[in-house]
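Note that chain A is present in both complexes that follow, paired respectively with chain B and with chain C.
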Partner chain A sequence: MSDFVVRLLRLDRRIIFLLIALATLLPLLYPVSLPIRVSPEVQRVYDYIEKLPAGSLVLLSMDFEPGGKPELYPMAVALLRHAFQKNLKVLGLTLWPAGAGLAETAFTEVAREKGKEKGVDYVFLGYAPGDASAVISMGQDFHAAFPADYYGTKTADIPLLNKVRSLRDMQYVISLSVGFPGIDTWYVYGKEKYGFELGGGCTAVSAPRFYPLLDTGQINGLLGGLRGAAEYEILLGVKGKAMAGMAAQSATHFVIIFLIVTCNALYFLTGQARGRQR
Partner chain B sequence: MIFWKRTFPLLLTFLLGVTFTVQYYVPHPASESLLTEVSVWGQIIGGFAILLGVGSLIRSHYVKIKRREAGWGYSGVMFLSMLIMLGAGFWSGGKTESTSFGWLYNYVFVALQGTMFSLLAFFVASAAYRAFRARTPEATVLLVAAILVMWGRVPLGEHLVSGVGYIAEWIMSVPNTAAQRGILIGVSLGGIATSIKIICGIERSYLGKD
Partner chain C sequence: MSAEVVIGAWVAVGLSLCMYSFLYKDNPFFKFGEHVFVGVSVGYLLTITYYQVMTNKLYIPMTQQGKWWLLVPAFLGLLLLARFIPSIAWLSRISFAFLLGISSGVAIPRQISSFILKQVEGTLKPVVTIGDGGIAWLTLAGLNALLVLIGVVSVLFYFFFSLEHTGTVRRVARVGIYFLMVSFGAAFGYTVMARMSLLIGRFDELMLYASASYGYATPVLLMVMIAGLLWWERGQSQKT
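Here is the complex of A and B:
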């Protein structure tokens, strides 16, 4: 008996990998829809955008690379859909060099879907190098930080940016962050000095880090991981990629819980067996 | 020589450190325009830092190939990939929409980086099975909290046990926030102390070994 338990404790990791692969794949192939409760931190981001008057300036900083795409891209799409539905003017950029392509795709696709015009309803500025310096530079003089947009058009010639002088002109800034630079950079070097309201989105693994900022009001809301994106889709009434992924995430979480409980049960079983032998 | 390698950088650090600490508290137009100018400089330097990174990457992989170190073939793949991406990037003028660069970015780079990140799920599961054990009372608390959060953060968990979502939310908003706040204050105090040490020239590791 104890030999069998020890063998189970040393389970080949390929079996664990297979379980995780199946738990991810099967719900994606055979989707199951489950009700998702909206958390207060997501609701606050939604409510803030909902209350902004049409024409307000929103800056969406997509501070992630392809590694963060599964969790953060659906967030970006949901936020853009909401902003365009509300006829807000959206400025987009990224503080991560490899994130420009993804951010541009999100802007182009959602703008096309909502019939929005480049330069009038939205501007995509591309990658801003310099981390904190980039944020300070935008806060001091937006046109000095971005002499041209992602497509090479001079920002001075873009109608939407005519009245934009600095970050102080933004009614809302949202950073979707996979690490540093991200939410911290926007809070420390941006909001604190230039006084705009800041919301955030991050991967599930980094969400616990931002809860102190929520409590103090340093960020007014937070979308945490795929769940945060799915909650936002619920609020918008749109079935997007995040909701589709939640069944897979549910299954993987339960496989991991099952593995942890099993290994602990086996651990105690072997411990008791050893105790009896003594 | 020592002046340019040690004394000058130390003086420059001290001067700029003190100037911009004071600048923060002086909202005079001259002070603000100085910050504007320097922040643009910061962006330019940030841009050049990428070149430095690429240079360092090329150097380390070149050395690997030259010395025929273990896995030197992968360094060759790195050079080949870099050349292909660079070539496609220049050819497409850095644009991603309907270009070869965009195709490589979307179907190779995004897919590869996404794969690297998603591998975490497999290793986390394997590591949890092998190492996440209730060996001590502290580990037991961590384990119970982890299970409750994992259970409560997914719709299936809330569907099976109503109310577990609120428990997960409480764990995140109260004990987690308290611990994270402690870490944040500690890290911030450490950051301030290190900054003062760098400005005053006590911490000099950024100057290098020479």
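Here is the complex of A and C:
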């Protein structure tokens, strides 16, 4: 028995990789619907958009690159669906150079799905270089910050941007952030000075960093990781990519918790801990 | 399904499998994927920068809107490249000085206001509130404020090295350690969640590309990868 336990403790790490792979794959192949509770921080973003009158300007800054796609792309799609459903006018951009293609795909796909027209219902401005200076520049003169949109059309010729002078004209700004520049850039150099309301979405790994901002009201809501995206999909009543991934998420978490508890229990049972202390 | 989409799917699957092959061990497939990633990232970044920055932010405003003063920042940007020529490398200092001065001036007051003053304000919330109904002693918000206060003070004590950690200071600092442990645990939990989300996202696409409309890209390339790894492994064992 003791030999078996020792062998178990020295298990090849590749077997653990295989267990995790199975825990991810099986729920994706055979979907199980697990209950998901909507957290107040996600509800607040939803409620804020819900209360905006039709025609309000929402700026969606997709500050991520392909590495953040699994968590932030479903958020972007859910937020765009909501905004277009409410007939809000959406301005899109990214502070990350490698994020322009992804962000453009999200805009094009959701706009096509909801029958929205480029330049009238939404504008995609592309990559805004300069991190903080990009936000400051948008705050001072939006057209100077973006002389042309992503497709090369002069912003002065875009009907939706006719009344936009600066960030002060935005009714809501949401940053979907994979790191820096992201939510903090928009808060520090944007909201503090130009006074718009700011919401955020982030990868799970950076979520603990943004909870203090939520607590102090510096951001009005937060979508954290794939779970945040799944909660938003629940509020919209749509089964999207995030909800599909939540069963797999729960299964992998169960495997990890099981392995941590079992390995710790076996470690102490076999007396290795005592041996090490001596 | 158009040919370019199918080819794109095969490339995506192939490179994903190359990267995941590292879980078995370091191998030539992984190295190939790694090098392709670095090359493509730099190429993509250069292209985006050329079109979105050089064209949209510099060339169009200058030529179509007559903003010739943009030559000044463009010149300062070019000076940064002087670093590569030792004899005139000193010229880049002008641009660096400009960047440093502007960045510090803009960032320091904003950062202090956002991340110190606002956070201190958030920490000092009332534990007991007095309203029309009298004093509210045990509210959840009050308990939360008390926990935040104890957490912040005890963790600050832990990082206060001007006093020897003995007696009361030691006890308070120990409470700070517990708060730190809880925060590390929460951060680790979120990290696990994030990494698993990435895996789920990748698996989701690999499953999509396993269908007939993509030419069974995933199963075919998985078989090729396994065969390749076995062949490579055999070659390695023959060498030793």
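Brief remarks follow.
One rule holds for everything that comes next: the second predicted complex is superposed on the first by the 268 of 278 C-alpha atoms of A that agree within 3 Å, B and C clash if a C-alpha of one lies under 4 Å from a C-alpha of the other, contacts with A are read in each partner's own complex, and residues count from 1 in each chain.
The rule we apply is simple: contacts are C-beta pairs under 8 Å (C-beta built on N, C-alpha and C of every residue); 3 or more make two chains touch, one makes a residue touch a chain.
Fair warning: this is a prediction, and the values are worked out from it, not measured in the lab.
Set against each other, chain B and chain C differ in how many residues of chain A they touch, and the higher count belongs to B. Touch criterion met: A:97 reaches chain B and chain C at once. In the overlay built on the shared chain, the residue A:39 is in contact with chain B alone; chain C does not reach it.
By the touch criterion defined above, A:261 reaches chain B but does not reach chain C. Contacts of A:25 after superposition on the shared chain: chain C is touched, whereas chain B is not. Shared-chain residue A:136: touches chain B and chain C both.
Of the two partner chains, both chain B and chain C are touched by A:69.
Residue contacts after overlaying the shared chain place A:253 against chain B and chain C alike.
When the two structures are aligned on the shared chain, A:108 is found in touch with chain B, with no touch to chain C. By the document's definition of touching, neither partner reaches A:49: not chain B, not chain C.
Shared contact residues of chain A with chain B and chain C: 17, 20-21, 24, 67, 69-70, 97-98, 100, 129, 132-133, 136, 204, 207-208, 212, 215, 225, 227, 249, 252-253, 256.
Residues 23-24, 41, 44-45, 48-49, 52-53, 55-57, 60-61, 64-65, 103, 106-107, 110-111, 113-115, 118-119, 121-122, 148, 183, 186-187, 190-204, 207 of chain C are the ones that touch chain A when the two sit in their complex.
Residues of chain B that touch chain A in their complex: 32, 35-36, 39-47, 49-50, 95-97, 102, 105-106, 109-114, 116-118, 121-122, 124-126, 128-130, 132-134, 143, 146-147, 150-151, 153-159, 165, 169, 172-173, 176-177, 180-181, 184.
In the complex of the two chains, the chain A residues touching chain C come out as 14, 17, 20-21, 24-25, 28-29, 67, 69-71, 97-98, 100, 126-127, 129, 132-133, 136, 146-148, 150, 152, 154, 184, 187-189, 192, 203-205, 207-208, 212, 215-216, 218, 224-227, 241, 244-245, 248-249, 252-253, 256.
In the complex of the two chains, the chain A residues touching chain B come out as 11, 13, 16-17, 19-21, 24, 34-37, 39, 65-70, 97-98, 100-102, 104-105, 108, 128-134, 136-137, 139-141, 144-145, 151, 204, 207-209, 211-212, 214-215, 225, 227, 246-247, 249-257, 259-264, 267-268.
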